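Here come two complexes built around subunit A, the first alongside subunit B, the second alongside subunit C.
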Partner chain A sequence: MAETPESQAALSTSSSTPADKDGSKICILLNATGNVPIIKKRTWTVDPNKTVSWIQKFIHKFLKLDASEQIFLYVNQTFAPAPDQIIKNLYECHGTNGKLVLYYCKNQAWG
Partner chain B sequence: MAHDREVLRMIWEGQIGICFQADRDEIVGIKPEPFYLMISRLSYLPLVTDKVRKYFSRYISAEHQDGAVWFDFNGTPLRLHYPIGVLYDLLHPEEDSTPWCLTIHFSKFPEDTLVKLNSKELLESHYMSCLKEADVLKHRGLVISAMQKKDHNQLWLGLVNDKFDQFWAVNRRLMEPYADQESFKNIPLRIYTDDDFTYSQKLISPISEGGQKKSLADLMAELSTPVRKAVGCRTHGIDLHEETQLQWMSEHLSYPDNFLHLSVDYKDA
Partner chain C sequence: MGDLSWKDFLTQAKQFLEISQKLGDNWVLEQKDSNEPNTYLKCSQKIKGQCGKNAGDLVSVEYHVVFSVSYQVPMLFFQAHRSDGSLLDVEATWKMFMPESKASDLHQILTQMDHPVLFRPYMALHPCRTAEVLKQFGKPSCNQVLSFISLYGPHVQLHLQNAYGLSQEYT
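Presenting the complex of A and B:
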């Protein structure tokens, strides 16, 4: 069991892998917003049962942020999901074109 | 729009009798008597327990006075950001065994299992996020984003201060189909299947492919799989009839966060 999101090998636009069938991974797209450092690789796949706080911790670690700094995560630039919300639920309701689009920043952005 | 105002009022007035007890390990000196309260099903523990905290803080050691408060029922920590009625229904204490006995803790906050949404400010921003997500599902987010900050405040304060009219004056706008639509785009709902607090969310339209209004029976059919059949559904401690329309349920039986929180029973097919 990998403890970091895995690189999406050969992600092609035509690939219509239905996420979350039999616990298969979900494709997420990470967008930086505000003055947060950018993660070059934007597309990752994660276990459907991972939580929002797990993704936040991953980004925090990946960017080597200070312990005092916080990562805020938003779905489609609209709302901040609860830290214990699972990626599967967000994907089911807010996924588009086989991806869940998430925005991350160091300050509260969309309320 | 929500027509059955009496239903809204009855849901709003649902209460649970709770008996709060101290954590024995935190008590110095005399053991305090339990503290009893009638609490709204729709509220959240951090919003209604100021008095409880004040009462017990006199009996605990100074080092724990400012600790992050949390609660448990029979050893299960209670999520501070779930409506109290949802917690109560999930842990389904034996019927008629009211009051519900909870233990209050001032130390050892279980950070692994509980999200630390323990202040009113944190809870408010969580609540607003729920409303936004629900509005994205119902109206593509168009209604909530057209509201002003004062409307958001009115919703929150209506909930915090238990003011039905104040809350519904604004919430009715969130509970109407958008513009010339007859129903919501999708129904915001969270489905709980057992007592471990995890829920699932799915995109559920209130209208069938044939253009008919869907009922709870249709929802249960959608939730069923070849191996597992949905056989019953409850919310606010009420068993729902299968013919209840989903759109009506969303307008009248949603919690103040604008989500339907449904406990669904399954049977192996």
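Presenting the complex of A and C:
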């Protein structure tokens, strides 16, 4: 899967430092499940050192969700990686065909 | 259909145990007797205290994943002890595990409850939204017990290795 130039640009403002070049970034594919709004652009490239919780916050902000709602991320229909896990580790374990497929859903977690 | 039956819980807990054994984790299955809900998953670990004057002290935590008959979902119970053997009370537990949450919220998240198998007070994460959250997983998850632990564990510093997500053949 070729990396799209615009997806590079979209996340690069917040995630890139001069040291890491685009080549080292990881391509992730976001899939919506449940009643969460869909994000039109599904492929994103992310700095490998970003954490799972950073992506959760990114989606939360992108979809302008209410503070009481939480984004949950998971892989393989089953497993939710720990929030402090970095994308690089997750990719090494769950990446396929050069990208990392993540599913996301939202719900109120408590109360 | 985020909820699950006692039988499902038992099967999935056993699958989870198999995965854990393959990965060399220290989960065990405790069985008081064969009645519902007297079988639960248990694991313990030591974690470092992060705040207050006891920062850096090791705290030993024992986690139980127990089936909740009322909610028909897995529930996470745990108990934390300091190295001198004293038990962390509710305030100390909140401080240790959820330092950034407000006290008013915490009453809805983490409080002391009766352990359904041991009949002793344990800290527990509230189960009222668990079924809803599990239901959001598009297709139903292959192992809801695994999903549950990976979703709720990190709130109380219980982290699973990434490799748990690879075990898709257990369906």
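As a convention for this text, the second predicted complex is superposed on the first by the 84 of 111 C-alpha atoms of A that agree within 3 Å, B and C clash if a C-alpha of one lies under 4 Å from a C-alpha of the other, contacts with A are read in each partner's own complex, and residues count from 1 in each chain.
Convention: contacts are C-beta pairs under 8 Å (C-beta built on N, C-alpha and C of every residue); 3 or more make two chains touch, one makes a residue touch a chain.
Only a predicted model underlies this, so the values are computations on that prediction, with no experimental measurement involved.
Of the two partner chains placed by superposition, subunit B and subunit C are both touched by A:His94. In the superposition on chain A, A:Asn76 contacts both subunit B and subunit C.
With both structures placed on the common chain, the touch criterion links A:Val36 to subunit C but leaves subunit B unconnected.
Of the two partner chains placed by the overlay, only subunit B lies in contact with A:Ile86; subunit C stays clear of it. With both complexes superposed, C is the one of subunit B and subunit C in contact with more subunit A residues.
In the superposition on chain A, contact is made by A:Tyr103 with subunit C only, not with subunit B.
When the two complexes are laid over each other on chain A, subunit A has residues 75-76, 78-84, 89-90, 93-94, 108, 110-111 in contact with both subunit B and subunit C.
Within the complex formed with subunit B, the subunit A residues making contact are 53, 75-76, 78-84, 86, 88-90, 92-94, 108, 110-111. Across the complex, subunit B meets subunit A through its residues 79, 81, 115, 117, 125-126, 128-130, 132-133, 136-137, 141, 186, 198-203. Residues 105, 108-109, 126, 128-129, 132-133, 135-143, 146-147, 150-151, 153-154, 159-160, 162-166, 168 of subunit C are the ones touching subunit A in the complex. By the touch rule above, subunit A contacts subunit C in their complex via residues 31, 33-36, 72, 74-85, 89-90, 93-94, 103, 105-111.
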